[in-house]
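I've put the structures underneath this note.
You will see two complexes here that share chain A, one where it goes with chain B and one where it goes with chain C.
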Partner chain A sequence: MTTLARQAGSPFALLMLWQLAAAATAGRFLLAGPVEVLAWLSANPGLVGRALSVTLANAAWGFLTGNVAAILIAAVAMGWPRVLPLLTGLALVVFCLPLIATGPILRVMMGPGNGPQIVLAALAVYYTTLIPLLAGLRAAPAGWFDLVATYGRGRLAELVHIRARSSLPYLLAGLQISAPAAFLGAMVGEFTGAERGLGVLTIRFARDLNVPALWSLAAVAAAISIAAYLAIGAAGKRLQTERPPVILAPPRLSRGSAPDRLGHAGLLAVATLALWWGGMEALGLDPFFAKRPPDLLAALTVAPEAAAMWQALLRAAGETAAFVLPGYAAGLALGAGLAMLLSLVPALAELVTPLAIALRSVPIVTTAPLVVLLLGRGAAGTIALVALMVFFPTFVACQHGLRQAPGQVLDILRSYGAGPLRQMLHVRIPAMLPAFFASARIGVPAAILAVTVAEWLATGRGLGNLMTLSASLSDYTMLWLTVVLATLASILGYAGVAWAERRVLRVFAPEQVDR
Partner chain B sequence: MISRSITRRRVLVTGLAGLAASRAGLGAPAAWAQTPVALQLSWLHSVQFAGSYLAVQNGWWRDAGLEVSLLQGGPNAPVEPPVVSGTALVGISAADYTAAAVAQGAPFRIIGVAMQKNPFVIASLPGNPIVAPADLPGKRIGMAVANTPVLQALCSLNDVDFNAVRIVPTQYSAQPLLAGEVDGLLCWETDLPVAMAMQGVRAQTMLMADHGYALHSQTYIATDDSLANRRSELVALMTGEVRGWNAYRADTDAAAELTVAMFPDAGMDLPTQRLQAERQVPLMFSDLTDAQGFGSWTDEAVQANIRTLALLGRSVTPELWDRSILDEVHGR
Partner chain C sequence: MVDRPLVPITCTGLSKIHDNGVMALDPLDLTFEGGRTIALIGPSGCGKSTLLRLIAGLEQPTAGRVSLAGLAPAEQAARGAIAMAFQDPSLLPWLTLRRNIALARTLARQPADPRLVDELIGLVGLEGFHETRPAALSGGMRQRAAIARALATRPQVLLLDEPFGAVDELTRRQLARDLPPLWQPLGTTTLLVTHSVDEAVLLADRIVVLSPRPARVVADLPVDLPRPRPPEMTETPEFRRIAAQALQALAQGVADNPALAAQ
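Then we have the complex of A and B:
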């Protein structure tokens, strides 16, 4: 009875908070409370039901294709490690492409229908699954691999018997992160001219100032994402019955030398250019909007307005950097911090987790006015929006990471009477580090995507604004330049985090460091 | 109230579905004669495009041998690429966007003008009204930063010090005005003020077109290639548009009802659509369109557009406007 009351208590508290916030902001067209939401939903069940079925189907297809793609890429990379840097590099490049640019191109290529929504949902998830999965595929004791080698078996046996199992918790973390991302991706995909769905309705109601309707859609999106998150979590608990193993791996001297890395970077650049140029030619995309690498090079060098181009680009990049760096740092700190707090005080989880998922799955068009109210139109609002996007994958990954603390080691600490704080410091945090760094790497492109969307929909500054402005003025050269710039920034940031990661993990989790 | 309007909607929808079904049955033998073309709209379905829906409903395109699909727009759905790539035969653009695309090498011509008067307004609240450009200095105006040149042009047309206006970057919503975060909003006469009216707020609107901001909006654009090689399709498409918009003008309420009934999943609300339909009439119809037909324009209007475009940093020639299709439509 008491557990039941406790379980019912947290959602109830959340609803009360929501209702109080709505009452406090009444008359300002900002927020509708659960009572209004319920009333609107019960008056319009058909409209919401039909829109939800469209968006949910697109999100589900995107979730499925994106995650299957991630698993396939990871399997190929494990079976054939030489292609790993190129494959993950290309995967990163594709993930970095801003949807403001890819959306309209997908629409022109795929025509009316659900194609762009599904692709954008898949693009929103495949990378956040791939990176934890790659970490998980390595998270096994060296002794197990020696055993496979003793039996004379090869990489495939390693993959099937050891890596697949060791990666399971990490895969589940990826899938949990994917659920709200796929839903949001499908909704934003509808902004490219879809006929129906929750995203279409969101645009309509935002403009019509229909606040109850807007928050009803947000509540539906959040509820679906929370349900998917909890379902994947429950499935994960069933699948994982053993305690995590102690991972002992011999410390390795890094053999990945600087020239090697430069070689990889060069190969990646060549492959990206080849795919970009070749892809556009193969699909016969019109050069009016599908700019090729030489077009951009010419615009930045020989064109008469090259200097103005540089100036506009660098100015926007500077504005964006001022938002994205603090937002990224705050998101990482908040995600990891909250995961640790919940590990120490598990009772809070029921209150915090649904709120975190809701914040991740509600489109920015709905929340932006609230953020502006709380934090103003200045930098703080944009930074908070970026932090929210980075926060969620970090939070989920770190929670999973903290659970990877080896049971036997914890037993030893407990037998010496070490309290939860000591366990956290000496066992759980080191066990969390691979997951933390994986999410920190994912966080780089996620932060840049978030800031461009916030700038597009809310603040009208920086690279995101330059992208929409260029698109509306048909300045596709500038649009592609911003895409290249955002992608380069993501990759450089990613490489920076990876550099720090290698140095830390060489000590705490040597199995993760490339051979 | 709600249940009644839903029933009414449902009846209309069922009626339409029946109509479509019978049409499909009857139309089967003639299907080979239908040429599929697409019209790229500039925004979500609404009465903004009701003339096109009337053309569909009355079969005016079908009778002319066209099977027209209306491609919905959206916040991330630019009009120009589908028209350049040929996915859409015609797109709904505006003179400034078209001029920008032409400057980037798009081979566009404006073949019709739906909104003779530009729909941009400064909306304000009655307690703190902005009725003339002279009221602007010192006021906080909320707008997308991208629209700064529009306000700049208005100021220089009216000798108002632009630097004295305080621009607040906001998203496109009436909320900042109603919450008192800004004194005015740069928006369309037909959207945010209508949304406010539905919430019981009678906003003051200053139509920029009444203060020298001459810029054709909701313009029909097509490529040079289409004008040379797909003339009959263009004429048929524009004939349907002209007939549709004439029917719209005859009964805007019926046009609003048709719009809501055709797109039951779009979340439209009939009173909002009715008011919007009413409000766009003075922007689209005038003595000129009475005399020369829907979509027409004068040489003087072109010159005024060129002057406004110059203030926006665009230089175009009168050749951007091409009357030949409308002349054929109107039998000139």
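Then we have the complex of A and C:
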């Protein structure tokens, strides 16, 4: 098979499968096939065009501001390396904020207009650029810096002659992932109270149960995301000669000894509280909707309704945990499992991998209404959405990890007549572990985002529902409490995975730990 | 000979303990005469490269000091007086060969000199590869390019850390013949770290033999062979005599170390 035929083969097969599934489920209000999607789109070009232009503009502004912010933060971190752990920690905290709750808060702070969508798009973007960029700025071999130092030159010369150029592939890799993320942010912003845009249309058609319209909008969102992803990839290829690195996930939050890490965590907590409180005071935000840390502490301790608050929060958290934990575990297991299976059947991998890489760029959350449509408003739909959100990055990362298995070690195993299964067990799985854990870490905030969206759209339970309920009732104390709880859960989950990662990698990939 | 002051190098009570507690250099007192080529040989991991990095100012000594004609390494580096070629060529992959070499002059804040760059490319045998990027060059070609880059600033101090590691034996001998004439007329003080005794004898005016870690001087041998030194010179009795002395000193250094001798 030629490369072109191979590349065209898998999308074509997917379209065929999609059409067949639509035909099989016809009349059940579940699935609209490519033919119906094309028909609906050609019947409503004006409606889709107008909404798309609004969402694209918001996403583009968010993409621009988020990436400029990421580059500025990275520049600060390079000029002042001591603040790096704190900066990446704060960046993670902001990235873990649940967009479903920050949307309404931004709405009430910024009023009507496109502001909140743009901010959410920027928030969804900056982390995916910042982390690879920071990695890239530090990724150059020591010899290049020695060269600069030999001529008595300092950090500025390093930045100009080495880091700026050597980080370019990393920056492009980050930009590539952040293009679909900007689209996701803009759409989630539109979900939560905008007047125009694809997100607004999606919510409207979800309420009307307009199946062809929903599938059409999701197809447009997916196509735009994939196109943006591929376009930046192609631009990157033209700009540089060396291959861009595969960026799987951010590096661990902090290195060093356990007391060091505890110190960093404590400093991060203090800095977060100080920025939150200080920022609100500095901007003079109305305490009615901009709740400060003491307001929330009082609501949970001395307020008359403190017990009821606790009860509502704990119940919602319990419900969310029941969705997010199985979904997260299933996404990880399926991603790693399929990657391993495909490495045993390389012919199948050639067909599936390009598709998976393209689908990884689809903002899964924007397709949430479809998952609800297909799997219902119960646990299955929510768990499936969480699993999907975790599945794609895990799958792509694990495939990459499996390919990192050292060829010479595999040759030694082969020379002893070890078959593919034993090679997998002894060499490939250990080689996959760093990539697996990297995606498991970044999967935590992604899973929380997915579960809160699904709860809000479909199940009417859990933290996501409590967020939207509090927003609609203007109960800003409860809204802020859910933000804190969801963010804390993300950070703790992330730290928990990092803890397990250190223990496992210390055995299987010691060169990746304690550097 | 270029009319400029020679830069002798003096190491006084120099010692280095790495962050992991490994002692790389015992307090070491060494003087390298200005304008001469001195080879440092010793077993792997004995601290030769550390010594070179201390002299380049890339690392700070735990105790003692390095003086380059009375100035600290950082001061000489800031004047653009030092150049170094590393074990790894460390060429920037996004720059062409010509621009990689010219980069040294930019970093040393010297005016661009395209003629010198082209001349150096020819002298290291890379004629015709001016616009080639490092990825398209072989390992040996890259190392020659790194040496050309080190010479591009006409340095007063040239530090060569096993620069011929990836070069095949034939090219290695050719370089040993062709390179010294590039730096000797400049009055450059050249320190060469190498594993190869023959290379040391071919290139140097003096060979300092170091013991296993922590490094101390086992032997200090003058090499008074005439120049130029063609590859065939390695077969002469005089050459073999000096090489044998160096080898014997190397072996003595190992034997004097009780831990290594027991192995």
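We adopt the following convention: the second predicted complex is superposed on the first by the 310 of 515 C-alpha atoms of A that agree within 3 Å, B and C clash if a C-alpha of one lies under 4 Å from a C-alpha of the other, contacts with A are read in each partner's own complex, and residues count from 1 in each chain.
Rule of thumb we're sticking to: a residue touches a chain if its C-beta (ideal position, glycine included) is under 8 Å from a C-beta of that chain, and two chains touch if they have at least 3 such contacts.
Small disclaimer: the values here were computed from a predicted structure and weren't measured.
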{"item": "Contacts of A:Glu305 with chain B and chain C, given as first, second, both or neither", "value": "neither"}
{"item": "Of chain C and chain B, partner touching more chain A residues", "value": "B"}
{"item": "Which superposed partner A:Gly103 touches (first chain B, second chain C, both, neither)", "value": "first"}
{"item": "Touching partner for A:Asp260 - first (chain B), second (chain C), both, neither", "value": "neither"}
{"item": "First (chain B), second (chain C), both or neither touched by A:Leu473", "value": "first"}
{"item": "Which of chain B and chain C A:Asp411 touches, first, second, both or neither", "value": "neither"}
{"item": "Which superposed partner A:Glu281 touches (first chain B, second chain C, both, neither)", "value": "neither"}
{"item": "Intersection of the chain A residues that touch chain B with those that touch chain C", "value": "none"}
{"item": "Touching residues (chain side chain B, partner chain A) in the complex", "value": "2, 44, 69, 71-78, 80-82, 84-85, 87, 97, 100-101, 103-106, 144-146, 168-176, 178-179, 181, 191-192, 195-196, 198-199, 264-269, 272"}
{"item": "Chain A - residues contacting chain B, complex", "value": "28-30, 43, 47, 50-51, 54, 99-100, 103-105, 107-108, 111-112, 188, 190-196, 200-201, 203-210, 213, 285-286, 288-289, 365, 368-369, 372-373, 377, 457-461, 465, 468-469, 471-477"}
{"item": "Chain A-touching residues of chain C, taken from the complex the two chains share", "value": "53, 56-58, 74-80, 82-84, 86, 88, 90, 92-94, 103-104, 106-109, 133, 135, 153, 159"}
{"item": "Residues on chain A engaged by chain C in the complex (per definition of touch)", "value": "141, 143-144, 146-153, 157, 161-162, 165-166, 240-242"}
